[in-house]
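Order of writing sets the chain letters: A, B, C and D. Residues in each chain are counted from 1.
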Amino acid sequence: MSLTPDASGVFPIAPTPFNPDGTIDWTSTERLFEFYDRIGSDGTTVLGIMGEAPKLEPEESVGIVKIAVAKMPGKPVIVGVSAPGFAAMRSLARQSMELGAAGVMIAPPPSLRTDDQIIGYYAQAVEAIGTDIPFVIQDYPLTLSVIMTPAVIRKIVMDHPSCVMLKHEDWPGLEKISTLRKFQAEGSLRPISILTGNGGMFLDFEMERGADGAMTGYAFPELLIDVVKLQKAGQRDAAHDIFDAHLPLLRYEQQLGVGLAVRKYTMMKRGILASDAQRKPGSSISAKAKTEVDYLLARVAKTDPRAKV
Amino acid sequence: MSLTPDASGVFPIAPTPFNPDGTIDWTSTERLFEFYDRIGSDGTTVLGIMGEAPKLEPEESVGIVKIAVAKMPGKPVIVGVSAPGFAAMRSLARQSMELGAAGVMIAPPPSLRTDDQIIGYYAQAVEAIGTDIPFVIQDYPLTLSVIMTPAVIRKIVMDHPSCVMLKHEDWPGLEKISTLRKFQAEGSLRPISILTGNGGMFLDFEMERGADGAMTGYAFPELLIDVVKLQKAGQRDAAHDIFDAHLPLLRYEQQLGVGLAVRKYTMMKRGILASDAQRKPGSSISAKAKTEVDYLLARVAKTDPRAKV
Amino acid sequence: MSLTPDASGVFPIAPTPFNPDGTIDWTSTERLFEFYDRIGSDGTTVLGIMGEAPKLEPEESVGIVKIAVAKMPGKPVIVGVSAPGFAAMRSLARQSMELGAAGVMIAPPPSLRTDDQIIGYYAQAVEAIGTDIPFVIQDYPLTLSVIMTPAVIRKIVMDHPSCVMLKHEDWPGLEKISTLRKFQAEGSLRPISILTGNGGMFLDFEMERGADGAMTGYAFPELLIDVVKLQKAGQRDAAHDIFDAHLPLLRYEQQLGVGLAVRKYTMMKRGILASDAQRKPGSSISAKAKTEVDYLLARVAKTDPRAKV
Amino acid sequence: MSLTPDASGVFPIAPTPFNPDGTIDWTSTERLFEFYDRIGSDGTTVLGIMGEAPKLEPEESVGIVKIAVAKMPGKPVIVGVSAPGFAAMRSLARQSMELGAAGVMIAPPPSLRTDDQIIGYYAQAVEAIGTDIPFVIQDYPLTLSVIMTPAVIRKIVMDHPSCVMLKHEDWPGLEKISTLRKFQAEGSLRPISILTGNGGMFLDFEMERGADGAMTGYAFPELLIDVVKLQKAGQRDAAHDIFDAHLPLLRYEQQLGVGLAVRKYTMMKRGILASDAQRKPGSSISAKAKTEVDYLLARVAKTDPRAKV
């Protein structure tokens, strides 16, 4: 199965489960992807920034791809292959596809600044991995400090038929979705899938602007699935209602740096991960912060029983 | 009246009202501070980053200070005096105090990096404005790219008796408040006022961590006042209830770059500003975004009738 | 007299002379421009970054423009008008032209990132100052963190007939000059003047790549004049010989942050400035550093007697 | 052999030789370290930023360490082990020491900002690699955007007995060397070796400020050896004479981004490398730039016959 521009729905970004000693917790890894599959995710993305990918050994990365593919049968697995050198990027990309991945995701390195540099980088990356592998552009300025205009994204898409998706994670980013869809309507951009990130902080309106779904890591991907489905079904108010019920927690999770610690703590409470450990260097949250998450969970649970943990 | 470490409550950060032609709208300016006073604000802060201060002429800045002081009788007015040179900083600071301001706010220039540079900068600034003027440290890493540890803030406070307040706008920042209050409890930090920013995005928990209130620009400062009062009264759930009702709008307003445009649009709809114009170079929001704000206002109004505009 | 695309030669960037108490040293200011005129400078640029412009009061800025114009009769004076707001930029630009300036220089604000943002900013700036004022693009990535590709510069030049010059201060930047001159040869760029900066660190080769001269602040502008003249006369080896003799000192002066302190110290030793003071916040150099400058001056003087001070 | 605080002299930073197809050129690699040994280098550093280390596969890195150790018998080989995760850092560090390396070099990740973050990072890194491996602090703000004050460096040195050397690559950085040596003289800092970088741009004065030598990549390490030896022998003028003769070329090589291309081109002309290829993504220089390097080489050769290539 290959990723196509028709991809839609929710692709949870998978955290990498670790044991407290820093080794990978393979049992939780299996449980994690079983969970994503069971709740109705449309796919998943592994080895992203949130997945602590740069801290993994090559054989560990391969192990995670294998489990994701095995545990989400029939669903597309996207593999983050960003790397300082194109040789390593090619190696992981081709190996992943052989293992059954549906496509790869490529983030621009933080040193890129001008439009030409960004466009040139993607051209080199596509040359490196091969034009037969579907890829996703990761547009995440807050963390990567690379700013892509809609025109730059369009150029990359139009230059490379193997570009099938935009992981949209600009902030603010609503107008960017509108502009890209306008390009498409005008005929200057071919159709691509747009899945949004930022923990889902603007998913309610992103769907209304033309997004196809979400690719992010909120500890309750069920909520993302609900919002996407309701918006697609035209049930605007219902989508906002359930979204708003989760927003206080979602906002708490979307804190730069400590967000992953909040997320892993919640997923541990939910029984998905055995530990909230991160591989060093990592972040953690205080006991006080944990009580705040517990409080928020209890409040969400008043509307959404799935948050009762 | 002088600002003291006992300052508490809500100090709305004032936007500067402009006419569509870029001149200052003095009528709206008067109405704005009357509004802040009427709703029970505890003070106000003018000429901040959000107030487009660097785009104002010296005499315009003075005009705004005068109106704020006149229209909020008996309440402390804080004046942002950040400037590339200490001569200009001194000039505006002393002039403001003569006009009746209660204190000044100083942001670190973006070029500062190390602890010593930050501490040294505030020492020079205090020497420039004089040790008799109460001042506020503005800690706003996301925009200023200067990161102050709790220990650096403590050092500035302990070095300078005229430092009376921290405008806390780190993100994430909850642990920073806890650490500063722990310093205080241990006796290594003298008491200071901590008012929080970031549009209020974490005000619910910031109060629980030890903040004294908010200094930020949400278009419904009434909500900030409610949350601060309820938390001070120990009504935790009630504070979160009203906060959560506003959070979808508050989150929408807290978008980097376009946030001010959202805020001015809402304040215009509320009849506080005659126009949502910004002085050039400024930002603006699309017609679509305006409908989104309208939708959010309508939803907030279901819980909080003040949002019916 | 108006600045034109034919401008050529050496335009020293003027430091602003201060008294030790931080007031402007007007006597040294007069002497400075008399010196520039006497040694055969082709013009001068005032109120640039190196001139500590953001630390000046509006009336001080005007005073410096007046003296420069008076003391360099018949030669073009360029005025740096970069400002956070377009209202202030317009005001200083128009006032400067009325006082006899030949043109203005505009640097992009550090927040700009994408090609479109940069192009848009210059369009707004030209609208603000008026299309009748000749202007210079300042391209200085190391300090401003704005990166302009040759294509972006071309777009600005072609969009605005009043753009007559590029202050080229990219590092590395030799290929940029070659590319711009190639654009010109191909007909896609109209002729503009290119004067280079970076303290002159690459002036020897910049002239060979097609630069028209230098606009920078080395404490011996006579050296810059020599190199430009010799290169224009086709005396390559002689140009490199005199350049190389100064390079050890020139390199010492080209240290980020402290460079201005080195420069003012040398100009003080030369009798041009009465003091090497900077307005606060400023930089300074140690006693040890001064002996190093003295040593370098003595070594340069072995080849170039003008360095005997 | 273990690296100690007595280390002194010149440790060339080794580029990694590649074939035009991107594979490692092992023959040139052997020749490179034979060359470093033959000219009298005191050691070498491999897998640094300039060595394109992040683009290498783990087994390639190990291969380079093996050759360096074999070809520089009796001389210390330092291995750059910077990595996003401490597990990979530990793995390469311990493997390198088993293969005969004398110590490792650790650069701070670009995300670090505050003094505490930097100090904490080194504490975690030392815990990860083990306290028995001598390590070098890499202080390179221009590229890494991490600024370490002298006090921070002192703290790291005093906290960790296994810290034996500072690779000093701040710019400007002369005062930093003086301050560290003053700390040492006062007794607040134990003796450490300080080797300087920045291509040698300030080596003449760095030696006078108290540096023990150079660790950088200038294509004529013989020049660095000369300057270090002459300065140690108290022959100041002679040191500056030979330094100044090379400065025009050295300055040309010290251009951010393209510097490595200039360096590899020169080393290819010298017969040390078979190709000037870089692994993708890499930089290159134009035909025009090559003629400029050739011209500079010819000029240097007038004083230093070793530059006749």
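Keep in mind that, in the parts below, contacts are C-beta pairs under 8 Å (C-beta built on N, C-alpha and C of every residue); 3 or more make two chains touch, one makes a residue touch a chain.
Heads up on the chains, UniProt names are A, B, C, D = 4-hydroxy-tetrahydrodipicolinate synthase.
Treat the numbers as computed from the prediction; the structure is a model and nothing was measured.
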Shared chain contacts [subunit B and subunit C, defined touch]: A, D
Equivalent interface positions on subunit C and subunit D, same or different at half: same
A-D compared against A-C, more contacting pairs: A-D
Chain of greatest Cα-centre distance to subunit C: A
Rounded Å distance, subunit C centre to subunit D centre (Cα mean): 34
Whole-Å gap between the CA centroids of subunit A and subunit D: 38
Centre distance in Å when subunit A and subunit C are each reduced to the mean of their C-alpha atoms: 47
Residues of subunit C touching at least two other chains: none
Subunit B contact footprint on subunit D (complex, rising order): 113-116, 147-149, 151-152
Interface residues, subunit B side, partner subunit C - complex: 22, 52, 54-58, 84-88, 91, 110, 121, 124, 128, 279-281
Interfacial residue positions of subunit A with respect to subunit B in the complex: 171-172, 174-175, 178, 201-202, 204-205, 208-209, 240, 243-244, 247-248, 251-252, 255-258, 286, 288-289, 292, 299
